[in-house]
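Alright, structures below, take your time with them.
Presented sequentially are two complexes of chain A, the first with chain B as partner and the second with chain C.
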Partner chain A sequence: MDEILAAAGFKRNPFKFRESSGDPHLVDYIVNSETFALAWADEPALILAAAGAGKTAMRIFTARTCWTSLGRKHPFPLPYYLPQHFDGATFFSREAHLQAIVRAGAASLLLGLAYRPEYLLNAAPEIRLQTARLLANHLPSPLRRYLEILQEEQNVQALPPLLDRAYVLPEPPSRAVLLEMCTVLGEALAQLPSYPGSPGQAFTDLTTLLLDGYQFRSILLLLDGVDGFADLGQDAALTCQALAPVVECIPAWTKEKVYFKGFLPLEMSAAFQAAFKDIWELSNIRLIHWEPDELAGMLRRRVAKATGGNFGSLDAISSPALRDVETQLVKECPALPRHVIIFAERVLLAAYQRCEGHFIQISPEDIETARKGFPPHS
Partner chain B sequence: MEEDQRSIPAYAEDCFVGREEVIAQVREAVSAASHGGGAAPPGGRTLIIHGERGSGKTWLSLHLKRKVLPEFSAVDALLIRLCPPPEQIRMPEAILAGEMEIDAAYLPDVTAVEARCRDVLEWIAGRLEVAVVAGAALKDLSGWVQTGIEARLEQKRLFVLILDSVFEADWNFLEKLETFLLAPLGALPGVVLILTGRGRLYPWVSPNLRLNTPIETLAPFTIQQVQAQIEKQIPHPSLPADQIHELGGGYPLTNLLLAQEKDPARSLNEVINILLAVVDSEKRQMVREWLEALSVLDGFRDEEIAPMLTAYHGRADYQPPELIEIRRTREEIVSTHLVRWLDGRFVIDESLRRILESYLLQPGSSNTWLHLQEQAYKLYKDWSRQFIRHSVYYENKARRHEDALRKHSTLIPAQ
Partner chain C sequence: MTPTWIEMNFPIYWINSNMSETTQEPLGRQVFDRLRSEYETGWLSNVYVKPSSYAAMSGMRSIVVFGAEGSGKTALALTLVQEALQQDAAAPLVIDWQPAFPDLSQPQDALVHAFFNQAMAASALALCRHIGQAPDRLKAAPRWVQTTAAWFVHRYLVDLDYTLSRLEEEVTPEGMTLLEQIAGQAPANVLSDQATIAQLLAELVRCLQRLGRGGVWVMIAGLDAWVQANESATVRVFKALLSTLALFEEPGFSIKLFAPAQIKAPLLASSGVMRRRLDDFVLDWSSVQLNEMVYRRLGAALLGAGQHVSLQDLCLSPETVQWVEKYGGNSPRGWLELSGKVLDEFLSCGGQQPLTEEQCTALLQRNPPRLRLDLTGDLVFLGYSPVTNIQPAAYRLLKYLYTHPSRRCTRQELYYRGYRGLDHEPRHSTDAGYEVPAAWGGTLETTLSRLRQAIEPDPDEPVYLVTERGKGFLHLENSW
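For the complex of A and B:
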């Protein structure tokens, strides 16, 4: 398939990755500019969407953008993906949430420092000690273990699978600089007794280190994964109850430059508004809703980047019987990015098979073939 | 006119014509940056100026750097030209202080991409009088450049970076440039980025380059502007402004070239050769034939190419290439930026397309133009019958060619 796509003008398969966390080109496909602007702005926000509409993609994109596109004084992204910290809906207490947030923050900090070691290497000795303490006390596994892995692999890409596989940034550091970071952190670690502290104190230590120590502009607490719990999925009111300890902190956190970004299921919006009226009014709210032209635009952007700009639509490799192919593909699917991407790849595959590997030219027949067995439009 | 007598004048402030709106936008962006400080909206400090080949982007870049921005006492401005034009259409231009020219159009591998990016960062660092370490990582160079600019901003100065011919640059290079220069600079409150270019806009990732970024398009000159341009830049024009406008469409570069030759057919032929100088000499004739064959269309996809080539050659024994070969050649032509993807089809740069069609309309080649128009008409009529779902679309395309034939009915031989 890759060879045939190359002959068709593609430098890579534009529809290979259906799931956002594994897609190294995720940043290329975000077209909802207004939602995106809300996600990384220094203010609390609620971003609501149905399952598969791109909440997680937007959350991951926000985190990556903080590190790559917002200059040196950028927000610190703190992804708080609930299923990563809780086996079931056991997060009803403030302490449970704070503990998990600090764990998530520690993971995010270690990943950030591994990709951008200059933050640690340029920090004062006291900041390095505080960093080592926080990481030693709040990572899922001992800090020394992660440092050993980095020193063995000598590659920062070894870390995301252990902590957050979506936390992948471009332009990784050189081996030498990465190892230097490990050495510095290891030396700081050697000077510390273990001192976990209370969840509340740990949270304060984390935010102080990030805002005052490393001077990040703000902290974006990116909460996601609510719909990952079966026992909450059907009960929006119960979900609100579970989130209450975090939500109630939003006003105070906002004053401290910790901005809550809730990536929540659409089904929760009424219950959330009822349960947290003040917070609802305080927050900026955006609904991720994919209009057909936005989905088509997403497909075209993928095609454009995958061809290096040589063309920006599947029309370029389609028969004259087809025009505005992306819009036609979108009409065949439920209005969700994942479905549209899968369907587009099926069409390419159908064209490849029909053309018997010589040449790809998409025809209406290929769309018909791809439609068979594909989930019908609901 | 001999080829070596054709001249393209160097930029001169008093020879600059038009573009008042764009210049006003630039002044406004700089003023806003100086007053807004950190409150300026993301993307509000980036301006994109888009125009066809020969629409005057480079002259505008020079005018902004040398005339407009010096009007602001607290502005430091740098200009980098990323894809210099071929020798035949290059201005005899001195590169002044604060200006740089590099070739970033085609870079064969990652090493070349990084080297070019390093050239840019080191040059900017030098202009900012920031000390750098030889062979430093791009990340470090980027950090030093940011530090240098932040130091200037702290002294209440603004920094304006003009990048000319951005969109023709290698996309791998642009990705690095965005990561190490444009995204970090775009986040600084006192920085204004002006990006000029033609062809497909690069899909930036950084919100400071994507969001709220106005795009100004440089339109071709009106007849009055052509007149003004010729008066200022060509002492003794060989053709009147209205004829120049009719032949070339009003694009400043072709205006200049057409004005220097009395015989329109000869002039058009030479202008075409000049504009095609970006194509490898071994392939230039073939590319010219292709583009002439396609010049009567308002856009094309692969399936239109064979019928139009057949009509162009007009020989019974002509065998057009197979679709697979067509696609390969089409990709090569697209890589020259003479053709780009736009709104669902490939289009020839309008400044070139206009000249090509004007050339075909000259005595001696008008039969070819007729055959091409008739072929296009027939092709789209056939498609309107064959592809029922899009019959209205193809019918409209057929009508366009029918109207063109009617407009030039004097060219049609009497039956």
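For the complex of A and C:
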């Protein structure tokens, strides 16, 4: 279908990525500046939304913005996406959480340094050593292997798919600077003795390195993926129990400039408020909600970006019987971006199949076909 | 060892040599012979009709497709794989995964891990096959790709020597040499034993993409037998699988599950489906699509691939066409099975002229659609078409006869055991449950009459509820 879309004026499929973490163009059409302000600020926050409403998109946008904002003193983003670190709901202990957070922090640091090597290259030797130690002890694969990958591929984009595919930043470094970073880090690694440490000590080492060593303004601990575990299912109380070791640290962490940002399922809000009353009152809270015209606007933005501005609505590739296609598509779905995006792609695919792969012109029949195969789920 | 589904259906020689070939010779009766896609791989692409949502099912999306038996799940799976493998660039590595039931007493996360390890073992085997068939790709790849591939193979294949012996006929000599080198060397460490599903999938997909594959497709089909054997266990394991979101978040990893319709409701409640991490489809067909299937198969049988022949071309009687449409239900297998009978008759009568009205009538009389009961759902089918106008009392009679196929039933037996559900037949007025025949005779006859009205093509000439003349015994014929 990509060839047909190209013939229709698209540079890419505007609805290909229904999962934010895989979408390199996310920043082109993210909205909701008020929610972002909350996610970015140096204070704890809870951002609540239904599944598919854009929690992860906001989390990713926040993390990317940390590295793309102007000025040197910006927060260090530490995405803590639970399904990346746990296969089942086995994170009921403080130790388990801290170990995973340190692993997430190590991954985030390596990715950050790969995209912005100047941080390491301008760091003092002791900071480089501490960095190498942290990375050597807490990455999923040996640090030397990741350095080898960067040196062989000579492209920073080789790293995110292995560590955090959402960690894709603009303006990657030149090959020479990237290789220099690898050399420097490899030299520091060669000087290290083994040092596993305790999870608590490792967490302290991580925060000290980031705040004191690299002089980041703060650390944003971006918790996400709570609803990714079948074991927890619909049990909000059990989920709160699983998160308790982390939530209980929020006041102490706040004093240390580690700001908790919880991107949580909306269904958890009552249970969370009941279980963590103090934290609830301490935090800034926002609910992500979409109006139909906002969803239609999101679709149009995707179309506009995917066509490079050639046109900004699916009306351009629809039959005369259809007008304001995006508004019509939004009416067919629950008011959630993921559902709307999937439905829009289904309509494109139906049109592609109906036209037997020769061209795409969306007709009312295609919306009907997509509707039949798209039962509403909660 | 039993050949896997892919090995049975896509032996490498077939993939390499026959994918793009279409024969112009008539294929003959074989097109309607077995009506099981597993045996039709040589020409299926010439006659296949795609379902309405086909475009949405292909690509790197994870999907679950629900369909009744005979709805075409296997044909769909084969066609998706065939077209994917025909891509010039970035064809996925197709994994045939034939799951084995894990220990069901395990907690859910252990269940998922057991299943995942099976899938990874199947992936490792496919990776070995790919390396063996294209060794230059691995040799030219960066060192980290080579070490990742070697590590993956060692981690998930327990007996490498045996595995390589299985692959000997599928790989090149150079490829086998390379595989033996991999097997003989201890791999470098890539991920720890505590690596998560997300981390393992990311490494596997990146490795494969650098070896020239677009990603991974894990095909899971053939579950009808599972469901028949143990429906609740099947639902439990697959619901757990579909609720493990990490399996559906790696862009280059796709699970394509083809499941029987009867487990649709519980699987739709899995969180992966509800959160739209994977797409669900129901395989159903319009009469237009079913007619198209018949056109293409008849055309392929009589004239060659790409030709169309309609039932109307084979028979002058519109009733025959209606017979196929009515008793084929909305099942491809149903339509093709009945159309095959028309083709047989056409060929046996010389194959030169359409069947006359008399020939058509004789054909229909000799081939009453099979009567079938779904005892789980209390459903009645004639051919593949559900019968919906059977009253409960009539159904009880039918069910009794159906579940006692070898019995020649008296009316007395039918009334007491079938209609009333007793476990005995009272014979005397002093027996529990006894009724004088005059009291129930009319009721029974009325119910039998209603049953005949519902299922018999001609109630006066029954072909299902047959009474032995002069003896009064009733039995069921033409059922299965």
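By definition in this document, the second predicted complex is superposed on the first by the 313 of 378 C-alpha atoms of A that agree within 3 Å, B and C clash if a C-alpha of one lies under 4 Å from a C-alpha of the other, contacts with A are read in each partner's own complex, and residues count from 1 in each chain.
As a convention for this text, contacts are C-beta pairs under 8 Å (C-beta built on N, C-alpha and C of every residue); 3 or more make two chains touch, one makes a residue touch a chain.
Owing to the predicted nature of the structure, the values given are computational and were not obtained by experimental measurement.
Engineer: Counting only touches as set out at the top, which of chain B and chain C does A:G312 meet: first, second, both, neither?
Structural biologist: Touch status of A:G312: first partner only.
Engineer: Identify the partner contact of A:Q361: answer first if only chain B is touched, second if only chain C is, both if each is, neither if none is.
Structural biologist: The first partner, chain B, only.
Engineer: Of the partners chain B and chain C, which touch A:S218 in the superposed model: first, second, both, neither?
Structural biologist: Neither partner.
Engineer: Quick one: is A:T239 in contact with chain B, with chain C, with both, or with neither? Answer first, second, both or neither.
Structural biologist: neither
Engineer: Look at A:R145 in the shared chain and tell me whether it touches chain B only, chain C only, both, or neither; answer first, second, both or neither.
Structural biologist: Touch status of A:R145: second partner only.
Engineer: Quick check for you: in the superposed arrangement, does A:T62 touch first (chain B), second (chain C), both or neither?
Structural biologist: In the superposition, A:T62 contacts neither chain B nor chain C.
Engineer: Look at A:E171 in the shared chain and tell me whether it touches chain B only, chain C only, both, or neither; answer first, second, both or neither.
Structural biologist: first
Engineer: What residues on chain B touch chain A, complex-wise?
Structural biologist: So the residues of chain B in touch with chain A come to 42, 137-140, 143, 146, 171, 178-180, 183-188, 199-200, 202-203, 205-208, 210-211, 301-303, 323-324, 327, 331, 334-335, 341, 344-346, 383, 386-387, 389-390, 393-394.
Engineer: Contact residues on chain A for chain C in the complex?
Structural biologist: Result: residues 1, 17-19, 21-22, 51-52, 83-90, 140-142, 145, 148-149, 152-153, 158, 161-162, 165, 225, 227-231, 233, 338-339, 342, 345-346, 349-350, 352-353, 369, 372-373, 375, 377-378 of chain A touch chain C.
Engineer: Which stretch or stretches of chain A touch chain B in the complex?
Structural biologist: Spelled out, the residues of chain A in touch with chain B are 7-9, 27-28, 33, 36-37, 40, 65, 68-74, 118, 170-171, 173-174, 177, 301, 304-305, 308-313, 315-321, 323-324, 358-359, 361.
Engineer: Going by the contact rule at the top, pick out the chain C residues touching chain A in the complex.
Structural biologist: 50, 52-56, 107-109, 112-113, 142-144, 147, 188-192, 195-199, 202-203, 205-206, 239-240, 243-246, 249, 251, 268, 270-271, 273-277, 279-282
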